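Next come two complexes built around chain A: one with chain B, the other with chain C.
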Partner chain A sequence: MEETRIGVYVCWCGTNIAKMVDVEDVAKEVAKLPNVAIAKDYKYMCSDPGQDLIIQDIKEHKLDRIVVSACSPRIHELTFRKALENAGLNPYMFEMANIREHDSWVHTDRAEATEKAKALISGAINRVKWHESLDKRSVDVHPATLIIGGGISGISAAIEIADSGKKVFLIEKTDALGGTAAKLDLTFPYMYSAQQMIQPKIKKTNNHENIEILFNSELKDLSGYIGNFEAEVNQNGKEIKIEFGNIIIATGLKPFNPSVIDNYGYGKLPNVITSLEFEEMLKSGNILTKEGREPDNIAIIHCVGSRNQDFHEYCSRNCCMTALKFSNQISSALPNSNIYQAYADMRAFGKGCEELYTKTSRKNVIFLMFDQKNGMPTVKKAGPKDKCEMLIEMDEKLSGENVEVPADMVILMVGVEKQEKAKEVGQTVGISLCGNSFYIEKHPKLDPVATTTDGVYVVGSCQSPKDIPDSISQVNAAAARILATINKGSVTVEVTTAEVNEDMCCGCQTCISVCPYTAISFDEEKKVSIVNEVLCKGCGTCGSACPTGAIKSKHFTDQQILSQIEGLMFKSFELQEV
Partner chain B sequence: MSQRVNLDLKQDLIQFGVEDWNECFHCGNCTATCPLTNDGSLFPRKAIRQAQMGLKDSLSANVDPWLCYYCGDCTESCPRDANPGELMMSLRRYLTSVYDWTGLSKLFYTKHWFEIIAVFVLAIVVGLLFSVFNPNQIVYELNAQGGVQINKMFPIHYVHLGDIIMAIIVAFLLISNIFNMWYKTILKLKVKVPFIAYITSIFSLIFHFGTQAKFSKCDTKGKRYWGSHFLLMTGYTIMFILVVAFLPNFQTEKIHEWYHPQRILGYYATFGLLFGLIVMFIGRFRKSSEKFKFSHLSDWLFIIMLFLTTLTGILVHFFRIGGMVDATYWSYVIHLAILVPMICIEVPFSKWSHLAYRPFAIYFDALKKAALAKQYKSKLATAA
Partner chain C sequence: MSFQPNIVAFLCNWCSYTGADLAGTSRLKYASNIRVIRVMCSGRVEPTFVLKAFQEGADGVLICGCHPGDCHYHEGNYKCLRRYHLLEKYIEQLGMDKKRIHLEWISASEGKQFAELADDFTKQITELGPCKVKEVMENIKE
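After this line comes the complex of A and B, so read on.
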């Protein structure tokens, strides 16, 4: 330990840090700490000259560990690790002290903030002393891909990957491809025929030499890790085993069942139908009531099951525009009819959608606003004098009036829900559901395609309600990722994993029950736990749960963390004396 | 009671003017920019909504359109080009037809030929009336004597009698329509107006009738339109009073000196009328501001007839001073042939009815607010 030479760099971050922290003083003070060979301050450490400064110092002063005190490691840890690598040091011989988010941005007293910065850096210096060199590892990738779900997302992904000459297994729980998109007539906002878009794709998928479709099938069991998965598929009671390197989940959506909302009378009043039932009607070419009559008044109720605390809080994303599409289609088919849109909020974002709204508002359509919380519309049967089948009573929000709307047909714009077996599929594959029961992506903004399990991707409405173009974008992103890994032939996996000291392991298997990535298995012969380093994400849950201390989390060892705390405490005591 | 949403009303309303108000998606910009709207009356947005939804009862009970003087700020700030200003104008026409129990107003507003034919028929009747009196005889006699004797041509007691009969008929129609307005906006809704408010609000009724003070607030462009409108309104009122109430003093055989009050008043009225009308003509031709961009037939007819009446009046005056017997006679006949249909059609059934509906709308609005205030007070009292 005596020869350890640490370089400390204090960043100004322009004025972000320097305004609240006396960076020059900090650099001077920390230079006095043991093992610190050199301490400098600089305007922007993350800039090229800043990084060059580190590289040059490592070579000149023979530094073997580096501490940068700047912003959050989430932003620049990788930047500085790369700099270390360029200077010939192991990238894990590095620690960052966050004196911006944790210090200068949140404090108002310059003296105290300066002391805190010293404490944070002292902790980082203590920690970095115990850092060990870690090596990157890689695994080979099986060139086949498994796709779960044969809707528009699933088949688009299958075609995308299969066209590149790679094998695809496509599991579909029903006996036909197409999913929800195949049930649609026209699509918003440009009124393209869904059938004309999807049927050629279905045909291509069915005849593709690289695609093996398993109809009436469900995923039963999955084992392995990125690049090397193995699955058991149940096809009509028959077990099939397949091997592949990546998985795309495209299980899609389930329409909300509106019969649970009493107000709307679905299932009781014959002419109250769902949006998907109306799509069927449009596909057949006749808009007729159950009595076989052309309706004069058609009411469309939005947000059925969506944006309502009692059902689903989220917006189902497609219904507003589908309702506008319906208005246009009804308007063309029955130009003399009156169309009433009972809506809670009109959401017309996206390409061509506001234009569709504007266009529709010029037709024989009236938009009536209701309040989801206190003013749900009520559909009831009309009396003989009313000259219509049903009456919808509602408090119209924009006029402030209580009104009744005549209707011969009521279309309920049903929301989007998770598939019934979404949870089971998620458990089998090793990914979780969010509060709304859609699959959680790796990062909501920066990586909405991958999941926390490497090699598993989510596309389409199983990740969140989506329209066709958004689903296809996600499909293509996932396909590109998968093809890239297949093309590379191998993938690097996380090295900050857990490690079991077999001598100390008592075989209690506590770690197996707490691991969120099913990365730990039990060696029955040796009676010890074994960590699969490919599956392990280094979250540290097992390490903290282990009663004997047999599990070590690499790069987060007890010693590293305890000395960091010691470093922090040492400084704070000094602060108390001040 | 819930009202039925009625999309057919839209077709009805289109006949009264604009048709693009359905573009409105209720952002409220119009209400925010309106210089006249306040806590109690949220126009024009509220009326637009009632029109969109076809809430006939709410619309008939709404006096907001009359409180608008059409500065056009709302139309300029509308992001959807829904033209709220012109909708308020169209609603004024619609409401005129709602208050008019005879149904003639709706016919005149919606069937343009009907209004033009009615004007011509009345004009011909008036013209014929003077032919039956065998005027040529009088005119020949006067020509021989070499002078204009206005009271011989148009015996004052007959003309005055006709005047008064016309005034009574028009007043009866207008007042009965105002009663209808009162019924639709106050009585039918069972608004509990405190009786004292009926009396205390009369002052503002008279004040606004005489000054159009609200118009001056609305006219953000330097009170230009308020000024010319005020000139026109006072000119017209003076002339109307002179001709209807004081005809025996106005139509005298003796031509007074130019500084005589009768002539001074007459000249002021003529100037006011001409000035106001010219501003309106130029505005409507050039479409210089929002308020003049859309001209319904009733708008044109109103200023054309008033202009012709004024012009023929001026001609009568100068022909008479010039001693031209034939010209005086026929210009007087034409003057009457335009004036009579103008008053009989425009005042109770068309654009001119606003002279009564506007101040009464302010009056009824004040009554409604008084009722609301009382209701609020009693609510507070019971709560306490």
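After this line comes the complex of A and C, so read on.
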């Protein structure tokens, strides 16, 4: 242990860390710790010059272990491991101390945050001393892909992959393809026909020689890992087993049910309908009330279930532009009708959208603003003297007046929410949901397509509300990633599995009973447990259960963690009691 | 200086560590006493780790894992829960207050909950005062 030479690097992350942590003081202080050969602070460790600094020092100062204290290891651990590799060191001779997400960003006292940074780094230094070189393992990639969900995202992904000659399994819970997009009439902002876009895709998917569609199906169970997954699919009560190398989740969205909002009278007043019901009406070619009459006054209410603390805090991203699209369609079909838009905020981001707003505002459309918090409109039945079916009472925000809007038809722009079984699918596949129950991507900015489980990708509205172009971009990115892995033929996987020291194993088989992957078996001849490295995922549960300490969780060994605990108790030399 | 407790927190990689990261990216503020150790799964947290923390001078130990049903490794958090209950009994036998250890489920989206937990647990340990284990053990050695 004496010869170990550790290099410690303290990142400023611009001002992100340096503002709350005295990085120069930290570097000076940790340089005094045993085995630390060199300690430096630098503006951006993840930048190319930052990484080059490590590579140079490894060569120049003969460093054999590296600690970088910067952001979360979930962001840049792999970046720095790569740098170690480039310098000829084993990538596992590395440890990260998270002094940004767990320190500078969450604390307000500079002295305290600086002291904590030192402790976290001291823990990392103590841990890295016990790190061992680990070899990477390469596994073959099964060339098939599983896609869950047959909406526009799912079928676009299927075609993209199948066209390159690779096999696709497509699971769809209903008996038809198309999802929500197939229910639309025209699309914003350019008024393209949704049917003209999606029907050829549906036809192509149905007839593609490389696509096997499983209708009325649900994913029951998933095992394996990137390159080698195996799933059990339930199709009408029949169990089907399939094998594939990658997964795309494209389960889409569900429209918000507006009957929970009393103000709007949905389900009670017959001519209050949802935006999707209105799409059906547009597709049929007739805008008619339930009584079969052309409406004189049509009111469109925005943000139904969206941007409201009582329902969903997020913006559903499609409704504002769909409402403008409706206005244009109504004004063409019924040029004499009065169109009212009751909106909370007009959100017209994206290509061609602001232009659609300008164009619509020049038509005979009246825009009325309301406050989501204190001024939700109320829809009520009109009196016998009124010349309309319903009246919408609202506090118009811009004029400050209480107004009554006449309406014969009210269209509720319903927001979107997660699918009924989003949680179950996530649990089966092993990915998490965010607070709004959309799937969490690997990184919100740098990797919005992959997930924390290698080989599993999320596309379309199951990841967050999206319009069609955004969904297709994500689909193409996921398909490109998957095709690249299939093309390469192999992937490297983590080797942080468990290992049994046969001399210490007493043969009690406790490990076998706790392993969730049946990765451990018992050698009857030697009377010891054996770990199957391919099945083991490295959770470490067996290591904690082993009464003799015979099981080692590679890269999370007892020695590494116990040593880290010691290091965490670090106190600045000046603060230590003499 | 008033008593500033040392708290060691074991966080699972998939849910709780990510939840703590989210507290950071959301710029939530909490007490700086918590020092985090990342493990792949809360099922990896050996009772020895917790006892070692007290031996080294920790005043409280926090363990966080995925919510039931959400474990990345299916059921590691249940294994953790079973050990936690035994550990509670064990440290009481040692004459320690079982409130010095705490297990909580924190999902990847619960940054706010993590920040609140960090504050609440720090407050709880501050009220309990310094843990004497390290001192006693050093005295025994002498």
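As a working rule, the second predicted complex is superposed on the first by the 362 of 578 C-alpha atoms of A that agree within 3 Å, B and C clash if a C-alpha of one lies under 4 Å from a C-alpha of the other, contacts with A are read in each partner's own complex, and residues count from 1 in each chain.
Throughout what follows, contacts are C-beta pairs under 8 Å (C-beta built on N, C-alpha and C of every residue); 3 or more make two chains touch, one makes a residue touch a chain.
This structure is a prediction, so every number in the text was calculated from the model and none was measured.
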First, second, both or neither for A:Phe229, with chain B first and chain C second: neither
Which of chain B and chain C A:Tyr42 touches, first, second, both or neither: neither
Partner chain in contact with A:Tyr343 - chain B first, chain C second, else both or neither: neither
Greater chain A contact set [chain C / chain B]: C
Partner chain in contact with A:Lys537 - chain B first, chain C second, else both or neither: second
Contacts of A:Met569 with chain B and chain C, given as first, second, both or neither: second
Which superposed partner A:Val514 touches (first chain B, second chain C, both, neither): second
Touched partner set for A:Val403, first chain B, second chain C, both or neither: first
Touched partner set for A:Phe326, first chain B, second chain C, both or neither: neither
Chain B and chain C footprints on chain A, overlapping residues: none
Chain C - residues contacting chain A, complex: 6, 8, 13-15, 17-18, 20-21, 23-25, 27-30, 32, 35-41, 43-46, 48-49, 52-53, 56-58, 69-70, 72-76, 79, 83, 107-110, 115
Sites on chain A touched by chain C in the complex: 72-74, 98, 100-103, 105-109, 112-113, 115-116, 119-120, 123, 427, 430, 432-435, 440, 452-453, 496, 514, 516-517, 537-541, 543-545, 553, 556, 558, 561-562, 564-566, 568-569
Touching residues (chain side chain B, partner chain A) in the complex: 1-5, 7, 22-23, 25-26, 46, 49-50, 52-55, 58, 80
Partner chain B, residues of chain A touching it in the complex: 338, 340, 346, 358, 361-362, 364, 366-368, 393, 396, 398-399, 401-406
